[in-house]
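Please find the structures below.
Each of the next two complexes has subunit A plus one more chain, namely subunit B in the first and subunit C in the second.
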Partner chain A sequence: MLDTMNVNYDTSIPNNVGLSEDRRILKALERWHPGYLDWWQDMGPEGFQESLVYLRTAVAVDPKGWAKFDYVRMPEYRWGILLAPQEEGRVVPFGEHYGEPAWQEVPGEYRAMLRRLLVIQGDTEPASVEQQRHLGTTAPSLYDMRNLFQVNVEEGRHLWAMVYLLQKYFGSDGREEANGLLQRRSGDADKPRMLGAFNEATPDWLSFFMFTFFTDRDGKMQLEALAQSGFDPLSRTCRFMLTEEAHHMFVGETGVGRTIQRTCEAMNDADITDPTDVEKVRALGVIDMPTLQKKVNLHYTLSLDLFGSEVSTNAANAFNSGLKGRFHETRIDDDHRLLDATYPVLKLVDGKVETVDEPALSALNMRLRDDYANDAGKGVERWNKIIAKTGVDFRIELPHPAFHRHIGEFAGANATPDGEIISEAEWLERRDEWLPSDGDADFIDSLMKPVWEPGQFAGWIAPPKVGIDNHPGDFEYVKIEV
Partner chain B sequence: MRIDFQTDPARYRHWRIETDGNLANLIMDVDEKGGLFEGYDLKLNSYDLGVDIELYDAIQRLRFEHPGVKVVVLRSGKERVFCAGANIRMLAGAAHAHKVNFCKFTNETRNAMEDASANSGQKYLCAVTGSCAGGGYELALATDHIILTDDGSSSVSLPEVPLLAVLPGTGGLTRVTDKRKVRRDRADVFCSTEEGVRGGKAVEWRLVDDVVTNSRFEEMVAQRTGELAAASDRPAGENGITLGPLARDFTDNGVTYSAVEVEIDRQSRTATITLAGPQEAAPGSVAEMIAKGDQFWPLRVARELDDAILNIRLNELEVAVIQFKTAGDGAAVIAHDEFLEANAGHWLAREILLNWTRVLKRVDLTSRSLVALIEPGSCFAGTLAEIAFACDRSYMALGAFEGDNRPEATLVLSAANFGRHPMSNGLSRLQTRFLGEPESVMAANTHIGEPLMADTAEALGLVTAAYDDIDWEDEVRIFLEERASFSPDAMTGMEANLRFAGPETMETKVFGRLTAWQNWIFQRPNAVGPDGALGRYGTGRKADFNMDRV
Partner chain C sequence: MTAPIKQHLIDPEICIRCYTCEEMCPVDAITHDDMNVVVDVAKCEYCMACIAPCPTGSIDNWRMVATPYSLDEQFSWDELPAQEDLGEADSGDLMEAMEDEISTLLAEAHAGTGGKPVAPASAAKPSINLFSRAHPATATMQGNFRLTDAQAESDVRHIILNFGDTVFPVLEGQSIGIVPPGTGENGKPHAIRLYSVASPRGGEKPNANNIALTVKREPDGLCSNYLCDRQKGDTVDVTGPFGGTFLMPNDANANIVMICTGTGSAPFRAFTERRRRAMPGAPGELVLFFGARRPEELPYFGPLRKVPASLLTQQLVYSRLPDRRKEYVQDRMRNCAGDMARLLEDDNTHVFICGLKGMETGVDDAFADICEEAGLNWAELKPTMRSSGRYHVETY
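Now for the complex of A and B:
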């Protein structure tokens, strides 16, 4: 356990922000740090705090420094504060300040807006750790368990990153918000996390993989948009966070991919050609394709909700002020101001799904969501390739954005995964065809038996092609201490 | 399109009343697509005049139809949002006159909530879940007790200044300082912080009364409603009366109600409102009054007058002058006044008297030139005489008019004129009228019940002038023509200044500052110009301010 009274912040907290010379931030961190460690003990991975986990720690931002692997007890993990290197002469890349030098301090008039963006982003980081805290006990292998913990400690580091910005640039309000980030709890009726999807349970490993594929990808898109920010410290922070986020998406994509792989192999071994013969497939102890599709339907749509209303004043303000840009803003060939441009928005008009041109500034959430759908769709196609290779006749599809939505244009509408608007009665009758039912959840749950032997994997998931840090298949990724 | 102020719960699109013993939940659940005009959606429980008309109706019904309801709990029917305040796109698109009249009406409605609590034992509690911003918080401010959920995100705020470059238009600033007595520097921080205040700080700053977690929220609501109910004197076991639809007939140039007639002369820009005195004797008992229900003359005529005034305010913008006339038997009016006075402790009589107080205040606050014409055959007595005292001027016919066999004009005073119906400044209309000569109030008091002829009324200072039939027609015509020729803006400002002599109260401050500051700001390019904050709201573009301080 760290002695938080006598932390040598320069050695115990990897950083490239000159922490030990910054008295203000040191003082703030000294107050916040004990609360963070308490939070990690209370809400971090349950039952494995004493185990040695083979984790990657970022100690510097250069390619050599950000992936140091070693065994570590998670509460002793060295959460660092690392910003991507400062770019010489960087300018605000969009909005009304387009072309002006990027801000190294927060412009007063944007302080509140910027703080809100940071708090919303920051709130998601600890939330997923909380959502995933019970999963260790049912890990399908030590390899997967280690990946889970890697994601968890990095989400913890992302929290640090946001807290650093809040404490460094936002005065006493920022410190208050930093404490608030430790007080809210995923799924808690009294102190819920701020966004819906981060209050949903992550009850099993398939949900975890789907979450990291779909919901962490929302995080990636938000970070991409914030990485464009004219507020340079935010931009630099997010750019570095994105390198870690890529790993989370790798965990999700390969997790689902290996599940698919195993199902298809098992079906072939048993000569089952009809992927919709759920009973037969399930009897093999693997997760059938229709259930995988339903999980995709659920997690994709919950993640679409995270983009907020398609047409949004807040998004317009954040862009125009130069605080939050578009995906790959600097690669887009336009005026980067959007004062006169329009963007097509999918809307529900008189009960029909229609495309309506809206002012591009107000339609930025829609645009980011489109970029997200595109990005997620590529991953889904890689899954379909796995299926195709095994010869099984099935395709996983992303549902229509009108399907199963709680925020935005389609909130409250009843739509099929194809985007056809239906009656409430039909929706209720057919819901279980499209979304996981209690029975589906029970079945998945029945497969969640821990496998803790090095090199061994649960029967519903295939081993990975390569190990972490190029270790062989039987490497002991977690030395479990019970 | 004529804006109609008549509605009933079966037609509500935005509110629900759910009664439960001595408690009522008044639930705001605004239908996004139910805006009064085109061009905006009422998102996030934001409101326009249509939403507020239903609220006004609900508040009236809670008093008359639910005598047993001691506490009204204001709630949101939506998740994560209590109320986002007045709809900004509606405000940005509305004509200035509509905005002002909208604000005035919403203020009157919030005052009606406070009146219910202060005078009729019907307390209001606001149960805030989700964000409560701008007009949403002003709604909360009008209640007796505010409970805010402590979920880490629910907050109260007045974001008008930072977000829209205007002021809260429904008494927000005044109630923060004068009702909740928030320290001025904290109020300054609060009113310039878009996201507002949540959690313990909201209690510490006295912006709300309780902050409590979601799981204990209903328990706290129950506890506080219990405490408020215990302090209420509303009766148990009484049945309310039903406020039925008004009998109305609209024509191109007026409206005919059962006891009120509105005629509009578009040429002279004058509206004449004639009120008919009671045709029947005053009831002999409260049971008889209850049996008459909404047809009981004092209640019926007040409701009709209220509707007539609101109709002129919102739908007849060009009317410069409202002239009030009455017709009937003054003694019958006085008999009704005396009946209500004698039974003022009865819940229904109390509600009828208090309703008259509110309607008369509505007359005071109507920004048209008001004149009472006290003619032969009229019945300006007691409560109806109070209308004359609400007017900017009153002219009384002196003696008999040739060829007119109606009785000579008289003015009769009753208890209704001596403090029963205070103005917003807390004084009676006669006290305000005679601010510099309190002895004149005493003098008038000695004539209670006497039919006063024009010369006496003039001598007592109760009318502006008395004219005989030779002068009457010309004097009245010249007054009306002159009045209609003045700048309507100057008239509005002058009348509002002259009507409310005497002390400031929270109400006069709210209305005074609304007409002065808010309306000024609402006209300025920084708010409504092409590059102003209201016009640019939602576009993502920042307002371009003229930085000169005025």
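Now for the complex of A and C:
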């Protein structure tokens, strides 16, 4: 009886961590699994648990093995535990232990700090599934619906990845944390998720695309920093997660890009040359450029808050101890200890925005945020190329980091998107010029009508240039009724 | 002038600069600057490790080039340049395969097209060369059934290969390569043989990750005997998929005229099954001219009888029936001249010919006669159909 169970369970969890030989962790995961499935049923995509979705499942970590496409019912998705292959002779690439062999076990003195990092990362994964659970019913196409569900199941897999590390390396504390990850709920007054942006609603598809572009990109940067970790199992986990995270970036960038494309095409067809003529553009049933800019302002700034305080002792400690590095740490040409280095930090000094040199070690959050801003900026430029190609006279810009902030140096400051500090009265008066108003949200909401015919797309979004897995345009990515 | 080569390129309009491909490349052929991710033609070994992990599909682009695009050129692109016109000289060497060995085989097979083969406009984008001689996929023999009557002279087999967890996506009309083990007398490995896939995308059994082949045992055929002798459970090294032009139109309105003999029926079995599964009741017609010596030697004779006329119009033609005049596919085509002319006049009609080289002339003459009778000009129509991806020949 027990043997059968093990075989079944093992085949339901693709893994390359020798799960069937590790009875302790296997048992722990077996106990956690039903709770996870309950959570998925309760908080996963609502109304589509029985639909057949054309999903990519990771079945192995080699390049050809982890993109296997097939129709799957989401609750039967094979959530696996997959680590990138171990690198022979890997060393701790930064901090006090720079150059020492990477750890295969958690160093005793860093247990608490590492556990905290895993829990914070792990908490964001189920949170975004919860935030997005109602979106299926208003999907602008089966193609987009599939992409949403792919993001959802992979966020689920990322939760498994963090839970595996907690269960494997942190004993009963880890088990407790793993259970806690299933108990908190996005936006819940009593048991909220740990980070602010993950308690905000994702009410419509434009918000979803903005979220995957801006907020999942924070996730990507955090994973990049953790992929450098001296704790080798964490590094290997994050490296594999990053390959999946790329799909989420893709959904966000192309989702917003296709929205922009459609708006510009509709404007051209109707001979509208003034992109700020909001009423005329909206009458075409597409999302006007000023509203898109406001959504960018909102989601970008919420995501900047996720990087925490610009100057942070926690970040310095995580770096010193070799747990969390910098973006592309091994490609940076310096001492990787940051003993004497400084880093320019944007600060509010006497009511003015100024650049102040801080010890680089304390300014790691600022540095990662800069890397993030740079990465996001490149995507925004590609949106601008789409606009330019259609001949519409508009540019999307990222707002100044002082604008609309709730965490760090500029929390509580009132700043324009250009970074000019203004009075609270002016802020209140002009807020709706810069951030989506209730009216804007209502308009976007009015466009969110489902389109479920294969090959058809809602009028506010352009079809993609190529299908998923090379499929033609009319491929039935989701079989809703089976 | 040096021969054109296939260059691997990334579409900058679709790429999202996640650099996953760069991480995957085992030879560091992929790099990026502030705007574009690019492939160094001097380093790329066509191992395809970057293809599956790409979240966008931007990675899967290829151009035949006389002079490869430099890294600086690629960095400067806002969009991918169109395929440059290299003339007819390279007709067989298009996007069919990466390996010269296979390109040459396909070029010969498609020579009868009479010019540069062009994929049907509505065809899905094929995956090409995911597995090569240096990195083959391992498939397991799942079934090996004789299709021709036990008494019949010819031994044609329906072979089912299962790919297990290996991703091996094929489209109807594509071929795979079989690598027979061992070396020849000259010490070189045996040549790869190509076989058309007889099952539709999605598998011989839907979602089973298997494919079917139609293989005729040739008296001295090294590869065909190797395959026909494999038992259930044996493994086989497979390369491919290959072929980027002889592809099924993915359009419910497409009429598809399929003309074949013997194992040339393999792709048409795939076409028919695809239509049945994906678009039953499609307005486009499927018409099959299938020649064999006698019914006992016609592969899939039994199963074909169960295919309804609403899905497929069947013209089964026999050349060795007792007490009957020899009849060949071209004879039957002439008998159906009225229907054929009607179809040829329709821009939705695609013609596919597959079988032995020997059938080409007879079929071509029949088309010419049918056209003449209907006041059409085959000499003009054929190149028009070819260049719009509606005329295809694959013969051996």
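Criterion: the second predicted complex is superposed on the first by the 474 of 482 C-alpha atoms of A that agree within 3 Å, B and C clash if a C-alpha of one lies under 4 Å from a C-alpha of the other, contacts with A are read in each partner's own complex, and residues count from 1 in each chain.
As a convention for this text, a contact is a pair of C-beta atoms (placed from the backbone, for glycine too) under 8 Å apart; a residue touches a chain by one contact, two chains touch by 3 or more.
Computed from a predicted structure; not experimentally measured.
**Student:** After the match on subunit A, would you call subunit B and subunit C a fit or a clash?
**Tutor:** Once both complexes are aligned on subunit A, subunit B and subunit C fit side by side.
**Student:** Quick check for you: in the superposed arrangement, does A:Trp79 touch first (subunit B), second (subunit C), both or neither?
**Tutor:** neither
**Student:** With both structures superposed, pick whichever of subunit B and subunit C touches the larger number of subunit A residues.
**Tutor:** C
**Student:** If we overlay the two complexes on their shared chain A, which of subunit B and subunit C does A:Tyr36 touch? Say first, second, both or neither.
**Tutor:** Neither partner.
**Student:** Pick one for A:Thr243: touches subunit B only (first), subunit C only (second), both, or neither.
**Tutor:** In the superposition, A:Thr243 touches subunit C alone.
**Student:** Considering only touches as defined above, state whether A:Lys465 meets subunit B (first), subunit C (second), both or neither.
**Tutor:** The answer is second: A:Lys465 touches subunit C but not subunit B.
**Student:** Regarding the shared-chain residue A:Glu253, is it in contact with subunit B (first), subunit C (second), both, or neither?
**Tutor:** second
**Student:** Could you tell me if A:Phe307 is touching subunit B, subunit C, both of them or neither one (first, second, both, neither)?
**Tutor:** neither
**Student:** Which partner chains sit in contact with A:Gly379 here, subunit B, subunit C, both or neither? Use first/second/both/neither.
**Tutor:** The second partner, subunit C, only.
**Student:** After superposing the two complexes, find the smallest distance in angstrom between C-alpha atoms of subunit B and C-alpha atoms of subunit C.
**Tutor:** For subunit B and subunit C in the superposition, the minimum C-alpha gap reads 31 Å.
**Student:** Pick out the shared contact residues on subunit A: the ones touching subunit B in one complex and subunit C in the other.
**Tutor:** Correct list for subunit A: none, the interfaces share no residue.
**Student:** Which residues of subunit A touch subunit B once you look at their complex with the stated criterion?
**Tutor:** Of all residues in subunit A, those touching subunit B are 96, 112, 116, 180, 183-184, 189-192, 194, 313, 315-321, 338-339, 359, 361-362.
**Student:** Show which residues of subunit C lie in contact with subunit A when the two form their complex.
**Tutor:** Against subunit A, the touching part of subunit C is residues 13-14, 16-18, 20, 23-24, 34-35, 48-53, 55-58, 60, 78, 122, 124-127, 130, 165-167, 169, 207, 250.
**Student:** For a test of understanding, state which residues of subunit B touch subunit A in their complex under the given definition.
**Tutor:** The contact residues of subunit B facing subunit A are 150-153, 162, 193-195, 213-215, 537-542.
**Student:** Across the complex, what residues on subunit A touch subunit C?
**Tutor:** The contact residues of subunit A facing subunit C are 59-60, 63-71, 239, 242-243, 245-247, 249-250, 253-254, 378-379, 381-382, 385, 465-472.
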